[in-house]
Amino acid sequence: MFVREVDESLMLALVEPGFAARYLEIVDAEREYLGRWLAWPHNAHNREFFMSFITNALQGYSAGQSLTCGILYQGELVGNVSLNKIDRQLSKTDIGYWLSEQCQGQGLVTRAVSELLHIAFDELKLEKVEIAAAVENLASRKVAQRLGFTLEGVIRRAENIDGRVVDHAVYGLLAQEWHSSSV
Amino acid sequence: MFVREVDESLMLALVEPGFAARYLEIVDAEREYLGRWLAWPHNAHNREFFMSFITNALQGYSAGQSLTCGILYQGELVGNVSLNKIDRQLSKTDIGYWLSEQCQGQGLVTRAVSELLHIAFDELKLEKVEIAAAVENLASRKVAQRLGFTLEGVIRRAENIDGRVVDHAVYGLLAQEWHSSSV
Amino acid sequence: MFVREVDESLMLALVEPGFAARYLEIVDAEREYLGRWLAWPHNAHNREFFMSFITNALQGYSAGQSLTCGILYQGELVGNVSLNKIDRQLSKTDIGYWLSEQCQGQGLVTRAVSELLHIAFDELKLEKVEIAAAVENLASRKVAQRLGFTLEGVIRRAENIDGRVVDHAVYGLLAQEWHSSSV
Amino acid sequence: MFVREVDESLMLALVEPGFAARYLEIVDAEREYLGRWLAWPHNAHNREFFMSFITNALQGYSAGQSLTCGILYQGELVGNVSLNKIDRQLSKTDIGYWLSEQCQGQGLVTRAVSELLHIAFDELKLEKVEIAAAVENLASRKVAQRLGFTLEGVIRRAENIDGRVVDHAVYGLLAQEWHSSSV
Amino acid sequence: MFVREVDESLMLALVEPGFAARYLEIVDAEREYLGRWLAWPHNAHNREFFMSFITNALQGYSAGQSLTCGILYQGELVGNVSLNKIDRQLSKTDIGYWLSEQCQGQGLVTRAVSELLHIAFDELKLEKVEIAAAVENLASRKVAQRLGFTLEGVIRRAENIDGRVVDHAVYGLLAQEWHSSSV
Amino acid sequence: MFVREVDESLMLALVEPGFAARYLEIVDAEREYLGRWLAWPHNAHNREFFMSFITNALQGYSAGQSLTCGILYQGELVGNVSLNKIDRQLSKTDIGYWLSEQCQGQGLVTRAVSELLHIAFDELKLEKVEIAAAVENLASRKVAQRLGFTLEGVIRRAENIDGRVVDHAVYGLLAQEWHSSSV
């Protein structure tokens, strides 16, 4: 496993084939919880699903087009966080995440996303990061709000979650906003 | 040429290879005007560019993924209007357009887009149409406003026009809004 | 639907996905009749067959290699007519057609083919059009004869119709012949 | 070299990369003569051309779609003869050939084609072989006539030889005709 | 069939689709015998297997990357011998072979391999030929020993034969060794 | 950067696009030194070379077929070490490495390879690891010897280093040998 330390209890690990079994375990146990605001858990029923996800993620990483990490809390894999699409032409990217229900309430996602913001702005030198969340997914929206993102719009019919079409609250954070707030 | 009549003076024609020469003529004459709010005129310097555009457009049409039409005013090709991406999963599409400066001011784009709305909602049975325009492109935004679209957000860093990154005003129109306003 | 008017009661419409259902309906009802001299009705048992046919036809059109049209008689789709292969190196093409048995006997195919000859010779500037028909398919041969084609040969073992190998009567019409006869 | 004996002085050898140099030598020396009725010598100016020809020929052979042989006269490579397209659906093939001007007048092509007829009818069990020659290429037409082929038609605008479009005399020989004439 | 004579009773024939039936016949009759030291007979249960093998072999031949021949003893197909990979960068190749149990004990493989050595060193001008055999496959090792090869090493875990992993005795013969021993 | 700690001063980092510049710097400075026993430095003259290397390496990693790491000594990138080909069928892999001349003599390669042995045997559960080195590359051979590998053979003409063909000393280490020596 190849890792990047966030703080004492939290690490980001580049996804690797060995993660598939654990991801399946979490999703099998929490499919209803995770599937409330994510489309893919409804189709993720075996190890092959995650192997394919991981292979695609590493290909995206190898092409400099995305970065997908497992969230390791106290050494255990408990979620995933990613720069989904690194767009060099617009100098921006968008962040996605999910976390096991077991680990909610400790700010893990916010800390993990914060590390990705550091990568996006300080290492990749991007100008903007976006987060889109279903309008009613308040927990996810809170992550963006806590990190200083601005709500840029509410786009209707933006995502199909297992047949239910939801609207998206779209949040944005510019590099200059990040740098001034980080000071 | 295969056409669809809009009204006495206006027709939409499915793009075809024969349009390339006329499109190049317009763009050569009005590159600065068209390039103010469009990215591609900056790269459109020969017939091959438009042949490739037309081939892609027809492939998109053959796959049911897009619909790209020339705007014919009094029998002359003067612009282009399109359903850029027909998304069956979200049951929505987005509309793009451009028109020769010569023909501005007569509501041609509004009438052409109106016909595409009819295709999108009545024939393709879609649930939503979007139009995105650069925030400062007031002429383009007016088309959406006149046709009853709602402004859903202003997304920052949304398009790169020849090196200038602009924000997008994103407008949306739901099928139910269209049908009630059309009555 | 994008169309081209032939005369008061006849139009050619570029094939489009929406035609698949009606084509299937005709072939289901007349498979024996159409299958007498055509190979494909024997394999055309569902909408997918025609969707694939239409997609290929539109790809051929997008590449400038073929042109496939529905025949619309009094607004109803009743058959198909096409430039099957536009050969720029030899500056020629070949025409194929089929028509619902319901509409036989009114010269519809001859009028539709005549329009394609106009496209081939006047718009595409080709030098020759060919029509090949099974030797015993007298109805199809009459179309070529009526339009002034010359019988160039009888090629043995030229087509496999559901296991039956038939000979082809090959007809040709040169641009100069067409233009002098059209006067 | 892998060969097949025709008679004491004549062998057919499956084409192989080693033939490219000799083919180029013949074509460089006789380009005008060979180019009178063949299209490709006008484009065959280096070893790569023949390497590509040979690779394609062996791929066709590996797929059971064609058979391309060098003609070896008294051990020397002097020409080429081939089943160009083995069509299992119609159970037929067509034969092509060329021979160095140096070796004309000894019936070499007729003997080599005769061996291919034996392969086509007796080994591959095909039902028909075709030979097409430019109408004015009397030498090539004589090969078909001598071997008992029937003239099935004269197809206009059938081949483009370096910008000159020629008509084709199309000859056919059925298996039953071959077998009765061979007795 | 295209052949190459080795001596009065032995010929090498370039593999061709017609060989598939006979190869299957041999392997069906001798699967246990051949499968003792070869991996593929365990998976070779139908004509398609050999058709695919032959197609690949001819594609390798067409690309100048391999040479695969049937062994014809007194006109009958009894085995296979090949230059498996012609490596121009290292100027070497490796030889593989199998022979029907019926024909063992007459030195047929040694004579066939000897012809391939002649092709490899004299025609292809390679600098080295390798033969690898399972350590306990004494018959195969004897072929290399008889032809003057040097044992270069015993590589552990070199081949998986139907689940059994065996070590390889690797033999090499340099061009200079071959030429001096051939004198 | 995603890392794996070996000891206090040494880390392995999964290769990433950001390494290209540093790799080029090392190779530009030490091309003669590194090119003595490696083929690729002779062709590695720009950032694109290493970007392509890194992309391929990450694709291999995503497919579970290889593992390529940078060697970080006291936080600085000074070399590369890899499982080149993970062969599940034979349950083995082979290891390659290079190190900046600046860092020679401290056992860094041996420590880095030792970590890869741990990954290969303990995590990937492979049965064998191989190391091949040019016969005269004594430094590289010493790494294998120090780590308990057995010399299995000397394969002649095994690698082409910029036109010079060298023989390979092939070393192997079985899992059982590793485990007994590690105790």
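We just call them A, B, C, D, E and F in the order they show up, numbering each chain from 1.
Here is the rule we go by: a contact is a pair of C-beta atoms (placed from the backbone, for glycine too) under 8 Å apart; a residue touches a chain by one contact, two chains touch by 3 or more.
All values derive from a computational prediction rather than experimental measurement.
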Hey, what chains does chain A share as contacts with chain B? none
Check: chain pair from A-B, D-E or E-F whose contacts match over half of those in B-C is D-E
Under the over-half criterion for shared residue numbers, do copies chain E and chain F use the same patch or different patches to meet? same
Between chain C and chain E, what is the gap in Å from one C-alpha centre to the other? 55
Chain-centre distance (mean CA atoms) for chain C and chain D, in whole Å, is 34
Among the residues of chain E, pick out those that touch two or more other chains and give their numbers. none
Quick check of your reading of the touch definition: is the inter-chain graph here a line, ring, star, complete or other? ring
Residues of chain D defined as touching chain C within the complex: 89-92, 127-128, 152-160, 165, 170, 172, 174
Spell out the part of chain A that touches chain F in their complex, as residue ranges. 1-4, 12-14, 16-17, 54-55, 57-59, 61-64, 123
